[in-house]
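Order as written gives the chain letters A, B and C; numbering starts at 1 within each chain.
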Amino acid sequence: MIDIKHPLIDHHCHGTIRAPLDRTGFEALLSESYMPPPEGTSQFDKPLGLLIRRHCAPVLDLEPFASPKAYVERRQALGVEEVGRRLLRASGIGIYLVDTGHRSTRLTDVGGVSALAAAPAREVVRIESVIEGVAREGGDAATFAQRCEAELRARCVDAVGLKSVVAYRSTFKIDQTRPSVQEVEAAASRWLRALDTSGGEAPRLSDTVLLRFGLWMGIDVCREKRFPLQLHVGFGDPDVYMHACDPTHFTDFLKATEPLGVPITLLHNYPFIREAGWLAEIFQHVYYDVGAILNFLGPSALSAMRHAMEMGPFYKQLFSSDAFGLPELHYLGAAQFRLMLGRVLDSWIADGACTPADAERIAEAISVGNARRIYPLAGV
Amino acid sequence: MIDIKHPLIDHHCHGTIRAPLDRTGFEALLSESYMPPPEGTSQFDKPLGLLIRRHCAPVLDLEPFASPKAYVERRQALGVEEVGRRLLRASGIGIYLVDTGHRSTRLTDVGGVSALAAAPAREVVRIESVIEGVAREGGDAATFAQRCEAELRARCVDAVGLKSVVAYRSTFKIDQTRPSVQEVEAAASRWLRALDTSGGEAPRLSDTVLLRFGLWMGIDVCREKRFPLQLHVGFGDPDVYMHACDPTHFTDFLKATEPLGVPITLLHNYPFIREAGWLAEIFQHVYYDVGAILNFLGPSALSAMRHAMEMGPFYKQLFSSDAFGLPELHYLGAAQFRLMLGRVLDSWIADGACTPADAERIAEAISVGNARRIYPLAGV
Amino acid sequence: MIDIKHPLIDHHCHGTIRAPLDRTGFEALLSESYMPPPEGTSQFDKPLGLLIRRHCAPVLDLEPFASPKAYVERRQALGVEEVGRRLLRASGIGIYLVDTGHRSTRLTDVGGVSALAAAPAREVVRIESVIEGVAREGGDAATFAQRCEAELRARCVDAVGLKSVVAYRSTFKIDQTRPSVQEVEAAASRWLRALDTSGGEAPRLSDTVLLRFGLWMGIDVCREKRFPLQLHVGFGDPDVYMHACDPTHFTDFLKATEPLGVPITLLHNYPFIREAGWLAEIFQHVYYDVGAILNFLGPSALSAMRHAMEMGPFYKQLFSSDAFGLPELHYLGAAQFRLMLGRVLDSWIADGACTPADAERIAEAISVGNARRIYPLAGV
């Protein structure tokens, strides 16, 4: 049996909720839904719920498969910090790359994750959040692009990568070229004026010209700093038009960026894992993971890992937990990854399809080696 | 081994053909094709054909894997009624919810199914068939909407749910809002005039304004009567443009109806089972099944059930046979469901991914409990 | 255990590279990518690389899992011809149907494949290449269609089928009707004029009117000569817009051609294998294979074969290697096919889902029988 003992590099995760959680609050973080489950049902009654009861309960000193009630009570008794410390430190994750762009005030920041985990953490900067922050400050449209670039560069001082959620905001079915300076200024002007009259609403970037501006600005900064660019793909909340988040709708962008040497990492990819593996096979700079999916599929996660191992080159897959809010999700993301990748490789060895030495090499690459090669982690 | 012994609730099926069937007629009902198989081949030479020879032959007193010839001859010798009685009574289905909207004159009606099965049956009313019936009677466009609503309500007296085949008629790539009264009247006027000059052709509803009218009328009636609304998704006959029947193309409709409290059940879902499970995860009111698919996949049906068990909450999946015409399909739908769900849960127990008690609870919910919760079956 | 010993009919493959290959050249043919893998990585580090080291190394007298370096050196020492002879003769392929339309000057031709393999080979003519050849010769637009037809017929004298790569050139999201004579002449006129001023660039057919002309001309010739028409689907190089190469986007063409009696064979189909099986289920004349995919999925190829065995009738699936350039790919295509089909059928027998006799019959049909039925191979 392959034993994946390398401290993993979690190349895409989020912070943990800082406030204590009651049962309702805890369950809400087990789902991408905007609404609670139907009356009389519980988010524990799904694959991810089984995982938590099985794997996390013992970390909190409960028996495996403790009841949801017992689990949440024990969690409350231990306190948010102790729960976070236990789960992160038991996860086997050696380095955390933290996307700080989503609901960041409710979450531990990069330093907070590092402290809880007693392990190094580095930042991944979400492009759209930076642009929204600049918009929040107002100013004139003529200097908007310039101010975004300055802010993005400033935010990158301690970062190791950028991330875009363009799939959420406009889907991948958009013009994928770099917009002209004039187009960006005109779009910024429209948006800033609309924000002015919106009565202080938080800006949400969804204009496709500005999203494209952000993407290409991101490519420029990534080239300069030798960062990868992370792209959200597929699985997510009700804002996703799933059919239009198939990453093969972004072929023109991938083609256009291939000669530029910026690694592009496709995140999650469910239910387009096969498509992602194919893109990684045909484009030199495309990488992929199945982050979040191994958690949400619970006992069936082998299916996602099998798809991830179908066509993609072994030097292209990455590990991420995509954990958000609950340290359970970091812990489980790593546990499921080790278990499922181990099972695939064990079955390959059993079939005579690869040698144990090949399997070890493949496991090391996906767990650590590929992320080390494409992220600037020297000294971490 | 999990043993699923609950009398199942088949939340979506059709009646059985009343006329005797020769080999050609029997084979035609094994396929969604409009044409016979190529010369020299037989519909028995596919996964569903293996299932019939394996599982149904013994119910008709033949050895498992009897030849196609022997099977059809035995069927003819026993007679349509006896074959129907044997297969339905052996199916383990406790309640039949029967869609009466497709080729209904050739099929046993709700009472007929109930009599053959010696079990209760209730009606699911197909919205498009009701509208087509009103159109057949002519009348003026100004009162068309009103007459459709009156007729739908009249048809619902003994029903427990509604169904729409909008995916067949227009695909899911349509405007999904409720049309205005004026738009409906104009569309009805165009359609009724066209029917007037068509020389008595049976009306087939395919106008998207009227289809949307039907859907939203259906939502109104479902709210009032606490019915679920069933939606055909994916797999079907050559009228389907499959890529456009991906249920994620219907996201706007699902978003718009989520606050209304009407459960929406996605039927079949092949090859979009993962998409359906994701929709059930993110929308409070979305349910799903893999009806018909477990039959058509024969020995490979485990693959469909595994996808159905990937991400969808356990309180969201339903059982249906989607049997049409042949009582073999009701029998096999139930047999395959028990076998494949049992195998998935057995493998979870063997992996330590859930306890036997959890598995029992999950099996009960998908077999019976979820349908009981969302359909008005009190007293059945 | 099912033992598939029939000499296979490889209904779709290409010739082998005639020039010697160094490591870089060899690796380039292991991928559909236009660029080399990232620095420090190797095309051997992917599923197909494992297959070559495992299965092909012994054919070249090396230990299984020889190193990439040792493998390429041994290949060079034996020489291109000897490597080709060994791998093709060991493949168990009895008849090769060779697409001659892609990079044909670098490859062995039909006779060359036959000589290396010591087995019969027949030609499959690529429609687009024929049209490009006619365009290369210039001439006037008024006679262009006529000249294309004459050339296609001339090329078909020793052929057994036609092939179209319309999916590559325009995707399947196009008008699928036959263009009028006037439209074809106008399109030819535009194209020939553009070629005139292009300074001798090799013509590449991508005009959708002319692609449609080619398709329907192909149907005419296939009807006349009782040839199947092969269609590239899905998996391929960066020219593919994958989402638009879902074969269900070609439903109108399939519907329109169903009454004409020309078998249409869908090639590769990844990641749309389920869609292809469904199309084969509902359209009398649709066939499918998973050529190339069993190679590119390496140890995971069972997954593709399982999908291929889900819904498609057993009289509709075909074997192909889709090998291009490397005789390793012919050898592996056949080895993977026998291994994976055997595993599926063995599991069916073990489950009691079919008898050994049924399994033998199914294996024979997919390996040989279906191709024999639809290709004009009498006397081969």
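Here is the rule we go by: a residue touches a chain if its C-beta (ideal position, glycine included) is under 8 Å from a C-beta of that chain, and two chains touch if they have at least 3 such contacts.
Note that the coordinates shown come from a computational prediction; the quantities given were computed from them, not determined experimentally.
J.: Please state whether the interface between subunit A and subunit B is built from the same residues or different ones, using more than half shared residue numbers as the mark of same.
T.: Both copies touch with mostly different residues.
J.: Using just the Cα atoms, superpose subunit B onto subunit C and tell me the rotation angle to the nearest 5°.
T.: It is a rotation of 120 degrees, to the nearest 5.
J.: Quick one: subunit A and subunit B, Cα centre-to-centre, how many Å?
T.: 37
J.: For subunit C, which residues are shared contacts with two or more other chains?
T.: none
J.: For a test of understanding, state which residues of subunit A touch subunit B in their complex under the given definition.
T.: By the definition above, subunit A touches subunit B via 31-38, 40-43, 45-47, 50-51, 54, 65, 235, 237-238, 240-243, 270-271, 296-300, 303-304.
J.: Where on subunit C is subunit B touching in the complex?
T.: Residues 246, 248-249, 251, 255, 258, 263, 274-275, 278, 281-285, 306-307, 309-315, 347-348, 351-355, 358, 362, 365, 373.
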